[in-house]
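Below: a set of structures, written as structure tokens.
Look at the two complexes coming up: subunit A is in both, with subunit B in one and subunit C in the other.
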Partner chain A sequence: MEYILKPFLFSSDLLEEAVEVVIDSGEIPWPQDVTLCVPPLSTQVTLHEQAECLATQAFLRMHGLRFTLDERPNAEFMSLTSKLPLLKVDDHFVAGFDAIVAYARLRIRKQLTDEQESAIRPYVEMVQVTVKNAELYAAWFDDTNFKEVTSPRYGSPYTFPLNKILPLLKRVQIKTYLGQNSPLASLDDVRESLQCDLKALSERLGPRPYFLDDVNTNELDALVFGHLTAILTSKLPNGNLVEQIHRHQNLVTFCQRVDRMFFAKEVGLNNDLYNTTVVTGVRRLPQMIIKSDA
Partner chain B sequence: MSSVERFQLVGWKGGWTLPSVDPECLRAIVFVALSKSPVDVMLNTSPWNAPESVYPFLCGPSPKSIKSGAENIIKYLKTQGFECCHDSTHITPYEEADAYALESYTKSSLAALLDYLWWADEDFFRRVSQPWYAKDSTLFGKFVWVHYQRRRVMARLFTTPDTQLSVDKMEIIRRKIVQKAKQCLEDLSVKLSDKTFIFGLQPSALDATIFSYLAPLFYIPWKNKDVRQELFMDSLDKFKNLKSYVDRIRKRYLDGTNLSVQTVRRPVRWYDPIVNRIQKHRDTLIFIAFAGAVNLYLLRRTIGRLRFNWPAFNNHSRQRSQEYIEMAKNLGLDPPSTPNL
Partner chain C sequence: MAQFFNATQQPLPEEGVVAQTLDLDVLSGVRTIVDKVNLEGVGRTKDVVLKRECQRIFQSENFEELVHNVDYTIKEFQRMGLFKAVGALIDVGKDANNYEVSFFVKEPSRLFGSIQTTVSGSGDTGLNVAVETPNVFGAGQKFRIEQGFGTKTKSHFTLSYGHPIQLSPLKYVNTSIFRRNFLLDASGLFNVDHGVGLDVQTELGPLTRHRVGWEGSWRYLNSLNPRTPYEVRQYAGHTLKSAVVNEIVHDTRDHAMLPEEGVLARFSNELAGLGGDVKHVKSEANFQVNLPIWRSIVAQASLGCGYIFPLGLGPVSIGDRYFLGGLNLRGFAQNHVGPHAGAFALGGSAYWNSGLHVYAPLPFGDPHQPLLRHIRLHTFFNMGNVASDAKDLPGLFHTFPASVGCGIVLALGKLARLEINFARVLRAKETEVQTGNFAFGFGVTYS
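Moving on to the complex of A and B:
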């Protein structure tokens, strides 16, 4: 079946993420009308997308940046590079966690020093490469997980033939990616690599509340929170990934702490800022204009 | 030394003052040099003959222990008790975490750049890397494997988990790769500052990884001017400490006599005894198999047409001999001795 589908894979032109290079940073205000487009978080979203969406939300909330959360089933097809989540700012889009962080960085007062940044970046890269590969393998490559959780979730907004075909197409894409880019060969490998990552993160965190210092949070906190929470709340029948995280208790308490601090409903400050719009139907959007310096 | 059983590490051959050109092979070789493990390094040019068709691979004294891939080799040598000075004596858990993260960071951001420069840069591929493969390789390597490998690497550059990128966007992909690599070099430069090794005065396994991904970048004369300019490779003021770090490791550990390296001119296979015995008589076996197949085919063709009826034949000959005996009796002669049937 997958071989038959291979010629129908979506291929896209990679366009630059819309990130302006501004030398005089720190002075630009955060725009008023900002929408974060994500797939419906309770029904459709799959493991790695959920991780990225949670991480982005956490990052924006940590820095007090105002946005409207828009859950819509066609979020993936709105993004030109198919990356999620998608930040819609006035007339252009910024897609993917990296790009959104780079975009928001220019509008944040509190900047990291070069040394702090170079201390964080290896960990950010590690989470984005190895942990993400492990998630992709567990959710998409493994047959049981794919049939029981990922495929029904990913195909949930569509009717019969499409809800079988689209997950398979996505699976072909992810399988080719994993085959070329990661040495993972079985769920045991996934568990082992995840264990190594978590061990490194756990040792880096130690007993402190956040990764870099005791008060301030940064993108690494957001990213780790997103990925670990996604794995902890996922209900994959095969693989036993949740148990791997529970071995490192400080990471679990870290996730709970971030959740309490930035996602809790009781905090009056946050309540007004983030009003959630749930869009169930597929809605047309105004034409996309991408600023690129090409 | 003879009492210690020696391992054998097989990898890509080198050039430009490096023992090996492939970063993963280089990583294994540098780890061997840093940890002083009893390993003979063999350099070769035919990875399709390797156990998992991947270089590098390590085969132990007993033929069963074959490890493919630098990651597995380093892990295996560590379990055998060969570690770098810093790892064995005073590494803290904090540093260990740092080492793990930096390792994956270096690999993920510099491997793409090296792949791009070695395979995807048209000019360099035509003028340097393809002739380099052609020099010592077999016909299969020259004409088939190189292009196959190039296609694989190019496909890897164009694949993301979300979409398949279209092929004519090489320029944008290049810009992204270079940007990422530049960031990585800056971070490594900050991390190293003016120390001898990453964690101070003694080498660790992380040094092997970082060296192996930096050294090809500094030593191989890349042709792509844009990339060189964007990375500040020409001026080198920015990454002076990285350059001197690479020089230091090469001079101290790779140029000396403590590493036994031999380059195999003709591609030589590595095999275990059974495979060896089979391969020694390969021609004979192929001939026997061919001849057998031909015989079987001819037999199948002819056996339908020949109608042997053995009992009838036997009866017939017995009948004939009976007749001879009777004829002899009638003629009054002694009956002849019955022929053995």
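Moving on to the complex of A and C:
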């Protein structure tokens, strides 16, 4: 199958491509005309894309950087490197969470100190590598999840037969990427690796409202919010990932807090964050319903 | 035998002169009975096919009809691609009124290959390799595989099967599978198409062709350039197009690229949206009139117009829109007339363009000599405009770009034109991209 599809592979967001973005340094005001282009978040976007889109939005909102959200079914192909989301600033483009954060940082007054930077860096890396790989595996590699959720969502803007072909093509790319970059071999591995990451994050967060201090937020907060919210609101039938997060109640509360603080105006965006019923067939944790206190 | 082929292969003007001096009125009075038809040189061509083609010769009642039918049969043989060369001989039979017709034919070799190089207006050079199997199953069927490579990302692959139809108003059926990669330079996009096509060709008259075709293609558009603007990028991505095309061409010209006389009228309609997500109706008409003035000096006038009506909610895809510039509006860069976003062309959903030319042969040599027939000097006046959508239609004739100039035209066979022009832009809006005064042009369509 993969051999047949190889000639049709066009580009992949997982490959690093060098794209030159000219960034002027110094104190530059945030431009007026800024558009954040994302796939339709409620119908089309898949797990890892949703994580990055939410994280980017959270980051921009946290720093009061204004943007208009533009939902386009072909957002992936509008992007330079196929990375999502795509930020359009005047006449140039920045794509992907990392690049957007690097770009936006030049326009933020409050910079992180070196000490703070080195404190959050390992966690940022961890979320971007292992949590992302876990998401990719769960959403794309696992047959049930792929067939029931990921494929219909990813193929939703297209007509037959493209709605069947394109998810398969994307799956081939992601399988190749995971084969080279990740040791994950089963959903149990995914759960284990995710549990490990969540434990580290949960310990780092502790009882505080945000990761670094009580008031200020930074890219780690945005990233953790994006990825965890994506997982919490995903409806993957297989893997029980939601339950993994609910084991760390402070992380769930953290996601709800960020959502209320920065996304409050958009009612209904992350509803699932509040009324997710945890599906536990088994064990220690009692079944619970998390309620919004907003 | 070889001499015979040489003689029949060349459409010498002397032959025509002889044919005209024959008084056919006299010949129509001569009753004829055709005894037999000989075919020499037949190998793999099927007997059934040949018998059917020769039926009409036996039905000839007088000599005039016989000559016409033999001529028609030769043309049919050529149309069906049965033979590489055909010659005919009408001989007397046993009695005075009895005749025998002999065809001397040469079948094409089983495998035929060709290699050609191409040059395009944007400076892309390429190589085309084609392999075909003429008359493969004995009734003129043909497989053809074509692969083209370009120095830029341009390339194409086509596998097609052509099937001629005998004694029917339908003349030819062609099916193909293709992959095409090409650039939309002016818009900063590249395109990858995969698809299948089916064509049925008929004849409405001796010089009028009719084509009905269906094409289903999977198109992938993506940006070529980091600076490609947002307005163009919104068309990027995958689309599925399923379209029926209906085309009628009436062409009485003596040469497709450098005509000296004749008229061309072409109407084409496309309905996209029978499945797939590209939905529009596209209508286009082109006319060209050639008037010989004196000797080989020819005046030519042409007019083209087209309109796309979107059927869905979304705008018409950039891959289907109209662009002007280059050989159809000289003085402006290829595809660079019309709505723009920055330096990138967006194309439009309506256009018109017109051209007036006077062609003259080179001042030395015989203008009808094979080489010099393909070279002409010309002066031109071009005008045209592209409108982005229906709201913009009144602006089409309001301030339209126009240019005037002169140059030299080289016809590359009957397939393409190569031009070197000195052009001056008379009027332009601000959005177009102009070429310098001297411009080099290459193209299949022109006006």
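General remarks:
The rule is short, and it goes like this: the second predicted complex is superposed on the first by the 247 of 294 C-alpha atoms of A that agree within 3 Å, B and C clash if a C-alpha of one lies under 4 Å from a C-alpha of the other, contacts with A are read in each partner's own complex, and residues count from 1 in each chain.
One rule holds for everything that comes next: a contact is a pair of C-beta atoms (placed from the backbone, for glycine too) under 8 Å apart; a residue touches a chain by one contact, two chains touch by 3 or more.
Only a predicted model underlies this, so the values are computations on that prediction, with no experimental measurement involved.
After superposition onto subunit A, the modelled positions of subunit B and subunit C are compatible, with room for both.
When both complexes are overlaid on chain A, the residue A:Met261 reaches neither subunit B nor subunit C. Applying the stated contact rule after C-alpha superposition, one finds that A:Leu41 touches neither subunit B nor subunit C. Legend: residue contacts after superposition of the two complexes on their common chain; A:Ile108 is shown touching neither subunit B nor subunit C. Contacts of A:Ala200 after superposition: subunit B is touched, whereas subunit C is not reached.
Of the two partners, subunit B and subunit C, it is B that touches more residues of subunit A.
In the superposed pair of complexes, A:Val252 makes contact with neither subunit B nor subunit C.
In the superposed model, A:Val242 makes contact with neither subunit B nor subunit C. Superposed on chain A, the gap between subunit B and subunit C at their nearest CA atoms measures out to 13 angstrom in whole units.
Shared interface residues of subunit A (contacting subunit B in one complex, subunit C in the other): 10-11, 76.
Within the complex formed with subunit A, the subunit B residues making contact are 69, 71, 93-94, 96-98, 100-102, 104-105, 108-109, 152, 155-156, 159-166, 169, 172-173, 183, 186-187, 190-191.
Interface residues of subunit A, counted against subunit C in their complex, comprise 8, 10-11, 19-21, 35, 37, 72-74, 76-78, 80, 88, 91-93, 158-162, 165-166. Interface of subunit A with subunit B (complex): residues 9-16, 48, 76, 81-83, 114-115, 118, 121-123, 125-126, 129-130, 132, 136, 173-174, 176-178, 180-181, 183, 196-197, 199-204, 206, 294.
Listing the residues of subunit C that touch subunit A in their complex gives 192, 194, 218, 220-223, 226-227, 229-230, 233-234, 236-238, 240, 275-277, 342.
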